[in-house]
Each structure stands twice: as structure tokens, then as C-alpha cells.
Amino acid sequence: MKLQLSGKLLSTAACFMIALSAPALSSAADTIKFGVAGAHSGDLASYGLPTVKAAELVVEKVNANGGINGKKVELLVEDDVCKPEVATNTATKLISDGVDVVLGHICSGATKAALPIYSNAGVLVMSPSATNPALTQSGEYPNFFRTIAPDDAQAKIDVEFALNNLGYTKIAVIHDKGDYGKGFAEFAKKFLEDSGKAEVVLYEGVTPGAVDYSAIVQKIKRSGAQAVMFGGYHPEASKIISMMRKKRLKTDFISDDGVKDNTFIKVAGKDAEGAYASGPKDTTKNPLSIQAVEEHKEKYGADPGAFFENAYSAALAMLNAIEKAGSTDLDALKKALQTEKVDTPVGSIYFDDKGDAIGVGFSVYQVQNGEFVEL
Amino acid sequence: MFTLKEIKKTVLISLWFVFLTFPLMVIKVDPIEKTVLWRWHNALYVAIGIFCIRCLIEFFRHRKQQKEKKKKNSSDDSQALIHRILVDPRKRNIMLGVLLSLVVIFPFVFDTYQTNIMITALMYVVLGLGLNIVVGMAGLLDLGFVAFYAVGAYSYALLNHHFGLGFWAVLPIGGGLAAFAGILLGFPVLRLRGDYLAIVTLGFGEIIRLILENWNEFSMGPSGISNIDRPYFFGINLSLEHSILYLYYIMILFLIVTIFIVNRLQNSRLGRAWIALREDEIACQAMGIDKRKTKLVAFALGAFWAGVVGVIFAAKTTFINPASFTFLESAIILSIVVLGGMGSIVGVIFGALILILLPEYLRALSEYRMLAFGAILVAMMVFRPQGLISKIRRTYTFKQE
Amino acid sequence: MDYFIELFCSGITRGAIYALIALGYTMVYGIIGLINFAHGEIYMIGAFTSFIVATVLSIYGFPLLAIIVVAGVAAAVWSSAYGFTIEKIAYKPLRHAPRLSPLISAIGMSIFLQNYVLLAQTSDFLPFPELIPDFAFMEPIAHIVGSSDLVILITTTVVMIILTFVIKFTRIGKAMRATAQDRTMAMLVGINVNNVISATFIIGSALAAIGGMLIASHIGQINFYIGFIAGIKAFTAAVLGGIGSIPGAVLGSLVLGLTESFATGYVSSDYEDVFAFALLVLILIFKPSGLLGKDETQKV
């Protein structure tokens, strides 16, 4: 039995490998291959899956209207678990499958690891959520674009709002130790200190997924901060704000785009009232945004998740660029992205020569009566 | 073959699973909109699915039993095919030759993606062989092996970033630093046994990761280190495809060296001391083996390999951050060792190839990928608890003239 | 001083939370010597089941008390069923296998269950209904100890007392202790070891489910991944206290919770886990089998 099992195992493994590598060799060129890469399993799946749904919705609609330049769009969805080492495999897999453009990756770290591989193959990459400033500002990744503002831009808006509009002088900066949250927090701290108007009374990271945040809340209370500036995503934000309110702490809460998500209000409920978060401008009144959310509700029976609108916009922008450029050549696409404005759920956007979106207006929102209201 | 009683039992089991999965599979609530979705069709799928799976398992069990009955009459060949090949030098040389040529032409037959994941798999083979020294041979359960891997990776990333040191220069340094970390961890925990050791090593792994995450001035924190140099080929900067190819051959060479050394170690004085230590500590001490030194050497050697693979890892991905060094990674490496068969070199190779390539080839299943991975892990352990290829202890037979 | 008391209370709450999960770990370990990595997932499934049941009931307009009772019972029943089934599928066939094989099986089970819930339900975070209302009498000290903290503390205490009682004095408890000491001997004196092991899994899982419900209500949200981190922490706590010992699990959890809380309060929450694990290493160096663990004499 042992003998046969190992023999069988070998042969099945061999068949498996051949069967799976076969389609890679015979790639048909009559479709536009649209890659979607990001975390689709593991602890960060909730940030990656909405992007897949956005891409599905956009592509479905485009194909129903006859495709782009007469070609159908084909989706290639690959998981990277938000890990750099898996992301490089994901990227080579997509390249081997002959991908033309990629929507992703979700996490900045995974994106950084994957970009050299795409750049080598001349593939355009647009992320709905990778906010690390170096991705565009360093100039090392010429094939990278994004439909979300970098960490420093968001931190700047939040800091200016806290100092000028709210007039605070003592602020606690808290982050979730992740690349997104800590990146934001570092910039917020720097801008606060540079301004000379306010003092950072506390700068700390909380452990994501911890069962209880009361100790850090007591520390915030003791620091005498007038406001908490939080860098990170909505699950930790809602836990911290709920715990603050439970401990009868009325300190204001200011946060980033990772928190400006309807799930934050749903989860934190009445505790979320009065919290501030920065995010893309007036998406709720944008007809395209309303339409995108409606489509999602119709198809999946639920509200869209994190970065859905950014992903929807990125998909639209890339497909529009392919249509305008008439090819999937990187330079032609870049030119189209930089010159052609496109209407998306996050606004009418085009891109600067570094890859950041222009026209993604940012503003600060406040939770009022269970809704984010632009201030 | 299937009696009525069996079918009845299968139906009952299916019903039990329908009950079990009822709240999670059937009901879906939306707490905001206050709506409930009853997905009754899912209950049906569960029932049918479990029924079929149970039938399949019973069928195979039945067949296996019949075969075993037959086997009792014929000659008893319980050894795995691979061991019988390895025992015969001629067959072994043929197999190694075939394997080597297959491995060498692999990148030319398959595309870059296949080569790339093969590099990853080979890295895990070496990691598995390293951990195999600690867990398989010396019997020290280490749940924080990934810490040494991180030490190696960060050595290369930091030395490359700050001082521009090349891949080949850092390769021994990374291994050395990791081995040093291994000794550092080894000293205080030598007294601990079994699962207490496991939790301390788990803690050590987490501590290393948390320091990398929090100490920005040193490790650049969670945003990680990017643009790490790929290995140069005699001073020439290679293109991406060529450097993947180059890395592949480096990895093959390194694997061969590792297998050679580990194989020699296994039959050395030290290797036997490890195995003796694993079997019985007190008896081992009574035989005059220095427990402290032997355990420390096991830790240091295991860590050394992890460190070296860490350097290769950093060179391969060109970007590292602490997210790559979580506990789950340690668990995967441990699974490789146990799944392959503890202490068996061939087993570890198979274990790593299966566990690392499986999730990649399961990509075809998209969102069911990790579900299948978990299920396969359980199934493999249940059906082959001793590992795929279990180690054969050296036996000496006394032949009468 | 106020600050000290505040930190102390949050440490105790955190410890009580860990204890509810750690008890299950320690019971299973005591009986079959297995680090049951899937235990965190049982806790998560308990939280999910109570979430689903509570939400359905509240939609149909049941009173709060009924919701709490029914959701709690449902969570305990289903979690126990999962615990029971997992033991039968993934651990029982491995009872005579090499020591590490069930561990890998447990890791596989944990990955499987996480993804099962992810696929069957959702990847999103879901708001957990607030099952524990703010008690009026707690209002003066609400800034230090909340109502849910109090409920968790009381539950942990009650559970520990009942469990100690069950293990010390009942028939099944005696059988459990006998099995833990020597399985073969227990079989010889007529104990059905299979039933005892199943009972251990059922009790441990039910505790995790109650914990899941209370903790989820305390934090206010759940998703499929909550079991993993909580599980690792609870496991650490169980080892700290001496794995296999019930009072040890509670003591270890409290020590771990307090360490984390004080580390956050007086040093930095950046390094709270570093302190927790460093403490673990220190304690184990001086007491190699945990705070309340028995030193087993080694035999040749």
C-alpha cells in the first residue's frame, strides 16, 4: 500500500503540474486580460475581496456593452494573502498568464515586492489601497498608479483640520503597527510637531486583534489628550472608540481613510457619533458611486466593503485608458492615464506623472446620525 | 459491499453534519438591515457532500482491508519504494542522475512562474531540513523557527541597504547571526521539556517579529525594506528572468550541499547523540553525552540553515517586512517536517514540495484554496500519521553462516 | 494610584477573558496531551453562532433576557458539537500516532474552520449586538469597570468554581483525572476512555462558546479571524499557569492580562506582547512546568 500510494502521489503530482502549466502555454490574444491581485484569504481578506467584486461588476458591464475596442475583458483573480513572498509568485503567475493590466495589490508591502516583476514585463499596475508614499514619490516604480491618496496627504489633511478647525493643542497619536496605520501615524506626528501649535502627548501602537483595549484607553485618558488621531483600519478603530465611550471618555476621534468605511459606523454604532475621518470627496452624492453601490447590492446582496469605490474607479480608469490608447502598451497607457480624464465613483480623475490620482479630492467627514457627513 | 446498516449510518452522519453546519451554512443575517436569509439549499449540499465523502472513505477502507488480506499471503514489503531504491547503490545512482537532469532542465521546460514557485518550494525544503535537525533528530519542538529565518533575511536587507554588501558576502554572515540567535535562545530554555519548550520558542519568534515591527530606527518598521539587490552574477547585474534562473541554480546547489551535510550529520556521532537525546534524556546523560552542548549545537545548526535561507529569501523577493515572519510560517515549516516524516530527509523534501506547491496549484480553486489546504493537511495526517515517508532506523541483522 | 487601579482592573478583565478560552486548552491538554490549535476556532464559531441566533431573535422581537439565554445555549450546544466532531475526525484516528501528528492535524483543522466560516458567512467585520446592558448601579465606577467587564469576571469565577467541583467530586471528573494520569490504567479499571475524551472536548468547547459570546459582546464585533490571536494568547496563559491545571489556567491568564495591562500603562503598548512573552520565558526558566504545574519526575 505504501508503495502504491507514493507512486500514485508522484504521478498525480506530475499530472497536476502538467495540466496546470498547459493553459499558460496557449494563451489566446483576443481578450484583454485584466488581473486582480490582493488578499483573498487569511486575516486581511476583508480588504481584498471587495476589490474583486468591484472588478467583476465593472468587467461584467463592459463585456455586456461589447467589450473594449471589440475585445472582451477577461478577469484573472489571484490571491497574495498580503504577503510579499506570495505576492511575487502571484505576479509571476499573472505575467505567465499574459496579463495586460493589474488591479492591485492591496497591501503596500505586497505591492512593493510585486512591482519590479510587473515593471520588467511592462504591465500597468493600479492599486485601490496601497498608500505608502514611496510607491509613487520615490520614482522607482514607473508602472504604478493608484486611486487612493498616499499616507502623507491624508495625515496632512487630518492634522490641519485638527489644528485649524478644531483648535486642539494636545493630541494622542495611536496606530495599529501595520504599514498603513503606522505610516499614517508617523506623518501625523511629524506634521503635528512641525506645526509647533500642538503637542503629541502620546504616540503608541496597539496590537491588532487584541481582545481588550481598556489599558490603552486608560493611558489616553491619563495623557490628557483632547483628541485621538488613529492610523489604521476600522476594526481596531471601532474597538478603541467603543472602549473609550464605555470608559466614559469623551475625547474626539480623528482617523484616516481606512476608517472612513460604513462598516465602522455599523460596528461601532452610536459610539461612532462625532468621530472624524478623512476620505475621498462627496462620493455619496456622486451618481456613479450610488450606481456602483446599487449594482453591488443587487448582485451580492450586501453593502460593499473596504476600498470598493477606489477599486471600481481604478478598474474604470484602466479600461478607459486601454480604450483611449488603443493598446495595452505601458507607455501608451501611461500617457492616456495622464491626459484623459475619466468619471469614476471617486470623482473625475486623471493621474500625475508620478502615479497619484489628481481630482481625488480629499476632505474630512464626521459621523452624524449614523452617516459620514462631509465637513 | 454496502450493507443497509452502513448506508443507514452514513445517512445519520450526513444528518449530524446538517445539524452541525446549520447556523453557519443556512442562516445569514444582516444586523443593520435586520433581515434574515435562509439558505436551505446549503443544507442539502452539505448532506449530499458528506454522504458522498463518507461513501468514498468507506469504499477505500474496504479496498485497503481486502488488499491487506491478500498481502498477508504474499511477501511482506512494507518499505516504501524510495527506500528500496536508496538502499541499492546502482538504482540510487540512476535515480539521482534522472532527478538531477530533470531538475536542471526544469526552468527551460516550464515558464518563469513555475521556476519561481519552485525556488520557493526549494527554500522550504532547506528550511524543513534545518528544522528537521531540531525537531526530527533532536526532538526539540520549536514553534518559533521563523525567527531565525527573519534574522537571516534582515541581516541581508540591512547590510545591503546600509553598507551595500553583496549577496555572497552576507550569505555566511546571515547564517552565522542566525546560529548565534539560536544559541542565545538555546541557553535559557535548555531545562524545558516538550511543550513548554514549544511555547517559549513560539514566544521568542513573536518577540523577534514585534521588535522588527516596532523598532523603526533599526528595521524601518512595518513598511519594510525595499529594493534589496538580487544576487550579482560575477559582478553583472542580471535581468529579472535571468536572475530568477540564477537563483534557481543557486538554490539547487545549496540544496544538494544541505542534503549532503544533513545526511552525513545523521550518521555521525553528533547525529546519534541527538537521536538518543530524543528517545531518552536521562539514559542519554547516563551514557556520558553532554546534554547542554548537544542541544545547543542542534539549535545553532538548525538556525544556521534558516538564516541562510532567509538571506536567499530577501534576495528573491527584494522586499521584506515583518508580515512575512508570523507564527503561521513556523507552523507551515513544522507541518513540512511532520507531514514528510520526522527525521527523514526524503520525507522532508516531499513534504515541502507538497505543502508549498499545493496552495499554488490550488489557485485554480480560487476562494476554496485555503479551505482545501486545511482539509488536505488533516486528511494527510489522519491517513498517514507517521508522515509520507517515515524514517528507517538503521538496523543491523545478524547473519549466521 | 487611580491610574494603577484602572490598569489593574483592565488587566483583570483581560485575564478573565483569556481564562475562559485557556480552560478549554488546559483540559484537553491534561487529558490527551495535545495542543489543540483549533480551540481558538471553536471560540470563534461559538461567537458566530451566538451572533446569528441573537440577531435572528432580536429581529423577531424577543426580549433581551430570552435572547441572552437562547443565544448562550445555542452557542454552547453547537460549539460542543463542533468540538466533539473535530475530535472524532481529526484527533481520534491519531491517538497512537507520533506525538506531533495530531498537532499538525490541529493546525490544518484551524485553517479549515477559519476558511469555512469565511466562505459560509462573510469576510467582513460584523457588529455584535450588545447583550449586556449598562447596569445603573455600575454608573459611578463605569470609567474604571464596565458592566460587561463585571459580567465576564463573574462568569469566569463561577465557571472555574463549577469546573473545579465537577473535576474533584463527580463521576465524570474522577474518570477524567484517571484518564489524564494513565490512560491504559484507566481503561483497565473500566473507564470508557473514548467517552471521557469526548466529554472533555464537549465541556471545553462549551466554555469557549460562552467565552466567545461574552467577549464578542464586550468588544462589539466579530469576524472569522478572531479565534487565532485569542487562541495563541490563551494557550500562552495556560502554559504560564502550568498546562493541565485548572486553577493554573486561571492564574496564568490573570498574570498574563495584568502584565500586558501594566506594560501598556507604564511602558508602551508597542511592546506589550514582548513583555508578555518575556515574562513567560522568565517564569518557565525558574519554574519549568509553569506556576501551578506539577513537576513530573522523569523516569527512565
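Just a few scattered comments:
All chains are identified by letter, namely A, B and C, in their written order; residue positions are counted from 1 within each chain.
In the analysis below, a residue touches a chain if its C-beta (ideal position, glycine included) is under 8 Å from a C-beta of that chain, and two chains touch if they have at least 3 such contacts.
Just so it is clear, the structure is predicted and the values come from calculations on it, not from any experiment.
The central chain of the assembly on a C-alpha centroid basis is B.
When chain pairs are compared by contacting C-beta pairs, B-C ranks highest.
The distance from the centre of chain A to the centre of chain C, each centre being the mean of the chain's C-alpha atoms, comes to 34 Å. Each chain gets a centre from the mean of its Cα atoms; for chain B and chain C, those two points are 28 Å apart. Chain centres here are Cα means. That of chain A falls 32 Å from that of chain B.
Under the contact definition stated at the top, the residues of chain A that touch 2 or more other chains are 41-42, 177, 205, 266, 302. Residue positions 115, 122, 126-127, 270, 273 of chain C each touch two or more of the other chains.
The multi-chain contact residues of chain B, meaning those touching 2 or more other chains, are 31-32, 214, 367, 370. Remark: chain B residues 30-32, 37, 64, 67-68, 71, 77-82, 110-114, 116-117, 120, 213-214, 216, 221-224, 226-227, 239-241, 244, 313, 316-321, 323-324, 350, 353-354, 357, 360-361, 363-364, 366-367, 369-370, 384, 388-389 touch chain A in the complex.
Partner chain C is touched in their complex by these residues of chain A: 41-43, 45-46, 49, 177, 204-207, 209-212, 214-219, 221-222, 234-235, 238-239, 242, 246-249, 263, 266-269, 271, 302, 305.
Interface residues of chain C facing chain B in the complex, by the touch rule stated above, are 29, 33, 35, 37, 45, 48-49, 51-53, 55-56, 59, 74, 78, 81-82, 85, 89-90, 93-94, 97-98, 100-105, 107-117, 119-122, 126-127, 129, 232, 235-236, 239, 243, 270-271, 273-274, 276-278, 280-281, 284-285, 288-290, 298-300. Chain B contributes residues 16-17, 19-25, 27-29, 31-32, 34-36, 42, 135, 141, 188-189, 191-193, 195-196, 198-200, 202-204, 206-207, 210-211, 214, 280-283, 286, 327, 331, 334-335, 338-339, 342, 367-368, 370-371, 373-378, 380-382, 385-387 to its touches with chain C in the complex. Within the complex, the chain C residues that touch chain A are 3, 6-7, 9-11, 13-14, 17-18, 115, 118, 122-127, 130, 142-144, 146, 148-149, 215, 218-221, 223, 225-226, 228-230, 233, 260-261, 264-265, 268-270, 272-273.
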